[in-house]
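A short worksheet on the structure shown next.
Note that the chains are named A, B, C, D and E in the order they appear, and that numbering of residues resets to 1 at the start of each chain.
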Amino acid sequence: MSTPLIELRDIEKHFGAVIALAGVSLSVHPGECHCLLGDNGAGKSTFIKTMSGVHAPSKGQILMGGSEVKFGGTRNAIEAGIATVYQDLAMIPLMSVTRNFWMGREPKKRVGPLKFIDFETANRVTMEEMAKMGIRLREPNQAVGTLSGGERQTVAIARAVHFGAKVLILDEPTSALGVRQTSNVLATIDKVRKKGIGVVFISHNVRHAMAVGDRFTVLNRGQTLGTAKRGEISPEELQEMMAGGEELAELEGSLGGTV
Amino acid sequence: EGEKFILVSHAPDSDSWWNTIKNAMALAGEQVGAEVEYRNPPTGDIGDMARIISQAAASNPDGIITTLADPDVLRGPIEDAVAKGIPVIIINSGTPEQAAEVGALMYIGQPEYDAGLAAGMRAKRDGVGSFLCVNHVVSNPVVGERCRGFADGLGVDLGKSMIDSGQDPAEIKNKVKAYLSANPSTEAVLTLGPTSAGPTIEALKENGMAGSLYFGTFDLGTEIVKGIKDGTIKWGIDQQPFLQAYMPVIILANYQRFGVLPGNNINSGPGFVTKEALEKVEKYAGEYR
Amino acid sequence: MTATKAEPDPSPAPRSGAPEKDERVKEISGFRKAMIRPELGSICGTILVFVFFLLVARDSGMFSAEGVLNWGVVSAQFAIIAAGACLLMIAGEFDLSVGSMIGFSGIVIALMSVTWDFPMWVAIITAFIVAVAIGWLNGYLVIRTGLPSFIVTLAFLYILRGLTIFAAIATTNKTIIGGIRDKAEGDWLAALFGGKILNGLFVWLADLGLIGKFVAGSRAGQPIVDGVPMLIVWALILIVFAHVLLTRTQFGNWIYASGGDAQAARYTGVPVDRVKILMFMFTAFCATVFATCQVMEFGSAAADRGLLKEFEAIISVVIGGALLTGGYGSVIGAALGALIFGVVQQGLFFAGVESSLFRVFLGGILLLAVILNTYIRRIITGER
Amino acid sequence: MSTPLIELRDIEKHFGAVIALAGVSLSVHPGECHCLLGDNGAGKSTFIKTMSGVHAPSKGQILMGGSEVKFGGTRNAIEAGIATVYQDLAMIPLMSVTRNFWMGREPKKRVGPLKFIDFETANRVTMEEMAKMGIRLREPNQAVGTLSGGERQTVAIARAVHFGAKVLILDEPTSALGVRQTSNVLATIDKVRKKGIGVVFISHNVRHAMAVGDRFTVLNRGQTLGTAKRGEISPEELQEMMAGGEELAELEGSLGGTV
Amino acid sequence: MTATKAEPDPSPAPRSGAPEKDERVKEISGFRKAMIRPELGSICGTILVFVFFLLVARDSGMFSAEGVLNWGVVSAQFAIIAAGACLLMIAGEFDLSVGSMIGFSGIVIALMSVTWDFPMWVAIITAFIVAVAIGWLNGYLVIRTGLPSFIVTLAFLYILRGLTIFAAIATTNKTIIGGIRDKAEGDWLAALFGGKILNGLFVWLADLGLIGKFVAGSRAGQPIVDGVPMLIVWALILIVFAHVLLTRTQFGNWIYASGGDAQAARYTGVPVDRVKILMFMFTAFCATVFATCQVMEFGSAAADRGLLKEFEAIISVVIGGALLTGGYGSVIGAALGALIFGVVQQGLFFAGVESSLFRVFLGGILLLAVILNTYIRRIITGER
């Protein structure tokens, strides 16, 4: 197998009295979709926030292309090619799609000694990229707050892809979405993966994970329960691991195995 | 030696006129070897001032010097201090009668309303029939009395003659200009202190009325002295704050040491400062004058 | 998931269906838990302030009966307006027109009683009715327009101050109206705001030699402190009332809810609009209590009374540990905030600090108190 | 069949230029779990907010026990026995579990002429009710903000049940939950239903809906696509209806029919 | 889903993957869309105010060259501080210490130049450096402690005012320091703040008879208006600068983002802390421009300058359509807000309104403007 795009080793993260991560390891290869699964509060969001520079790990190493890196902030991680679509969406609802799309990496044009945002390019590229993802916007100046959840998800993914992310992290992108929107997002993940980008996909839904995942890592109470390849594990086993091995409520039967 | 005297004023922190008081008090304190403290309500709230007087009394000084900005409010605390055996001298505002009423030793100052009235009568003699009062602290009850006195002296209604100018110099200047342009028949302008006088001078210079409009002001300051000198201002009323702070410290010190006390109140003003006899005033304006 | 305000959400989310001990959480001791309350910072602050002034100004008369009364009265003043401001802030709004309201109510009483010759009790009741009505208007506008209360009450800061000045000048040509004391003589309602109580106790204490007596002058032989002013009584009443209302009653629950999350409160059936409007009215009520006590004590009303008092109320409440954003705070804390504020303000005079530096100290102490507050909360709760 | 607990007829709701509901009808019988399904923005939340008094319908009738009612606010609806667990949770995170539990219906005790909250009763009942739902709280004074999503969900449901709701409305209670938490909530719905309470359950997840639903109503663009009984419809059909009959993205196959 | 602020989110969420016409949405015309901008309310307000005063005060000289200059200067003053306050408010914070900063900077200039006899340009540059450093401190404290800027800057309101008074008194025994004009004579930097430009143009206009000349007095024969004060030039420069910065540059994008949702902005790599601190510094810079222009024009600095200016800045910005909660607003709107404020203030004097009612009008117009603002936005967007 190729060297992983990014590898995290024995990451620990403490918040005051809370030990959110107690040694989690994970690697992502180009063109692979790595699913991160686990219970509520297992530490999934915390883990990917460490990966994308929001939190500094209390302990552990992050390696990119084989050499260790330290992210001082999200900016560092973004520059290193890690793009994240956060669970709490990280879009600014009052601002336009274009402004959100380019946030932090605005295209500039020189006017004499001054640099202004090149809105023409920005708008054009935004419309194009969104169209590529299958969303035709009414106009690029629309406020993000007026988009539906699925569309916002797509803006965030399109942004990540456009800026040449090597690793795309998606934190529960499908939880609030309808059937159609969900299948759109899953299709998008598939498209992105085929471009050779490594994807980290977090979900509570085993079926969504099974649909696009190449490898599956299950977290439980801040620790890795193990990583499995596609085909090595059945949905039922995966689900049992996600629930931490504890008994599910008795309704289980009628649910047909997987929730 | 080493007596402690506390002077309590009604002025907000930033009122520049009270510097003279502070300076004179410090000077007198130094000369007689007494410790002097100046206190004031930061926002000029007389209610707060009453608390400061009781506080002063509680710290057992050898004498309290205070203004009588609102006799109703201040009577209680002052009487308490007097009852405690602390000698009190009233300065600046209030009247000799009110000072006697609250049990103070004496009164040194210039009653605001009377000063305004005197100024108004003087202006009337000079042929003035209408005026503009530029009040930069319209909510302050003490300073406003000057306008009221002036209006009564002229025999006109105060109502529309007084503007709430605020304390921003540009706003004062432009409000004066706006008023004068909307009321061209105005014959005189009265400012209530250095804060409003300076910008008003600018306003008159800019609209060409400097020197032609009858302009009087209360209290002195660098700009005012200059204005008097170049003829923009007809007269400034000097109540000689220096005396209001210097005298009580000297008197209280000697009262404590030797039991001597002048038999009468001291009128520190009003004195009209005009173009003549400006030299000393000019040198010390804002500091000791 | 709805975003929870970060501040007072320190302990980790216990895992659902896992009531057994969670190995991922270090234990929080019972003592520590008892300490996690909004008023903690102000309790520490109060102790610090008293220790400081005991060291610095012990001999200045600050802790004589007379001195205590002095800063006690000032603190009580702050506490009266802080009580209203505190409930309002917990309900998620604030009121910048408190100071103007104080001036306004005073002038209403003075005009009614002195200028128009109504009996004093009519004047006082009228002032309360008018003020509470304006409080209602404040609240109504905030609710109806959906504008932030900062803007609406800022407008009323100007409007009320202007009306006060106008009313005073238009009717009496002065901005100060005196002679209220004579009018109040013997009035039943005025006595509730102006008098002193426990007179006998203090005479007795003075006879025992526990407090000083006047040695000379017209009142020789009487105790220097001859009673507890009604101002302090009112402060205590309002604090107790507000505290009980907030912590023990259904309405108090609704106040927290309205400030914590107005939308959520509305969903669960809490009449948020009514709660907020009532709190604006209560704030106006407190301001009028302040004004009436002041007018009765001093015998005059002036148009500039209460300047900047709104900030002092807000400062007391915030020193007391309330969140500016609403939903969290305590009346006891606000009362301690008022005490700190009053002790510091008067203490600086007792300590003989240069008066022009007074504001510097005030600002510095505000900053320190609030930082201390946040800091203490954080070290104790382990929150980052 | 019995008379429905609540019946809504031809409800319309307009927000300015937006027509959120264009005539939706639905009825809930005692002991039944009625699933409301549909795409993002179909109008599900708007519909149940009309039902629970948050919005007044622009047109249409609400009948309870056969006679028409008009709700002036949520308070009216709550008094009429309609309890709602909102998508945006309607809990106040800074306040304690007890205070949240009793919000608006605080138990009182008289002390002379005054009425205070009876915190003793309140705390006891809260602990009991939560225990009945299978959650043992550390203490009733814990702030709701410190609970996990699943626990909060349960507080809201327990509150509704305790106050003798006749109709319990749950708006996407499972979307952010883990496997175990989800099965807990589904089990709770089942428990509640067995007490004779009518449940309205909104979900994007066909499998969750199939697990507990007795009847299924699908909304699309503010209109009813129809109501089906359990057993009359297959998950696949349901899913197709939810997607509005439009083609799902090509990934569908690998997802095994239902998303 | 994250809760979106309700205000500027009027149009319905278009359905994902459904770009075809949505039958559930009534069409919004292009005109209507063009109108949905923060400054709309203030544009209407400006028109209304001008129409009103044209009707009421046409003959009072308000619209003569002199009158225009009169309210122009006052508006420019507001605009200078509003420019800073606007960017800061959009970045999600606000600054209550602006007024104190104005007094402080003025005194620094006066002390340096008059008392300590430095060249005027050194004094001015020092004032700018000190003020901007204090702005930085403000921002740093807000960011580091996580306290609301209301509290931190309120503390600085007191601290700076106290320091100003103390510094003036301790060094010169005065609180008004004059004689700056003589010092500024011939200084290159002072001319940038104090002079007037386009003098020749106005003499020419006066010769043409388009503007009046003095007929009597010391300046007979000169044009009544003899140039555009640098104050107005500065106002225009700052407005244009702030507007371009906000709408056309990357940094402007970051300002919006920091105020719209600081957490989200941080996630996408926006250096939120730096943006906010820089905005505090810019606000301090604007306050110092204000102070310097004033000092140069009047030749004196006083410790009480700038009182309550922070509110006037905030009022202008809010009239201009900005949200107090950040993330939304416009510099052009704020400038129009300043214009409305200036015109109303001066217009009342031209119109001869009873002066003690001035504050009442001010408050009333603030309220009306903000309600109008919200109302217009709502009817146009169909939002409820």
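We take it that a residue touches a chain if its C-beta (ideal position, glycine included) is under 8 Å from a C-beta of that chain, and two chains touch if they have at least 3 such contacts.
All values reported here derive from a predicted model rather than from experimental measurement.
Listed by label, the chains touching subunit B and subunit E alike are C.
A centroid comparison over C-alpha atoms places B as the chain most distant from subunit D. For the pair subunit A and subunit B, the distance between C-alpha centroids works out to 72 Å. As a whole-number value, the distance joining the C-alpha centres of subunit A and subunit C reads 50 Å. Per-chain CA centroids place subunit C at a distance of 33 Å from subunit E.
Counting partner chains per residue, subunit D has residues 39-41, 88, 148-150, 176, 180-181, 184 touching two or more of them. For subunit C, the set of residues touching two or more other chains reads 2-3, 10-13, 15-17, 161, 165, 169-170, 356, 358-359. Within subunit B, contacts with two or more other chains are made by residues 13, 138, 159, 162, 164.
Looking at the complex, you find that subunit A touches subunit D at residues 38-42, 148-150, 172, 175-184, 186-187, 190, 204-208, 211-212, 239, 242-244, 246, 248-252, 254-256, 258-259.
Those residues of subunit D that touch subunit C in the complex are listed here as 52, 54, 73-75, 78, 84, 86, 88-95, 99, 102-106, 108, 115-117, 134-138, 142-143, 145-151, 154, 176, 180-181, 184. Of all residues in subunit E, those touching subunit A in their complex are 1-2, 4-5, 7-17, 19, 244, 248-250, 252-254, 256-257, 260-261, 263-271, 327-328. Considering their complex, residues 12-16, 19, 22-23, 138, 159-160, 162-164, 167-171, 173-175, 177-179, 181-183, 194-195, 198-199, 202, 205, 207-212, 221-223, 286-287 of subunit B touch subunit E. Those residues of subunit E whose C-beta lies close enough to touch subunit B in the complex are 57, 60-62, 64, 66-67, 70-71, 73-74, 77, 103, 161-162, 165, 169, 173-176, 178-179, 214, 216-220, 224, 231, 294, 297-300, 302-307, 309, 345-346, 349-352, 354-356, 358-359.
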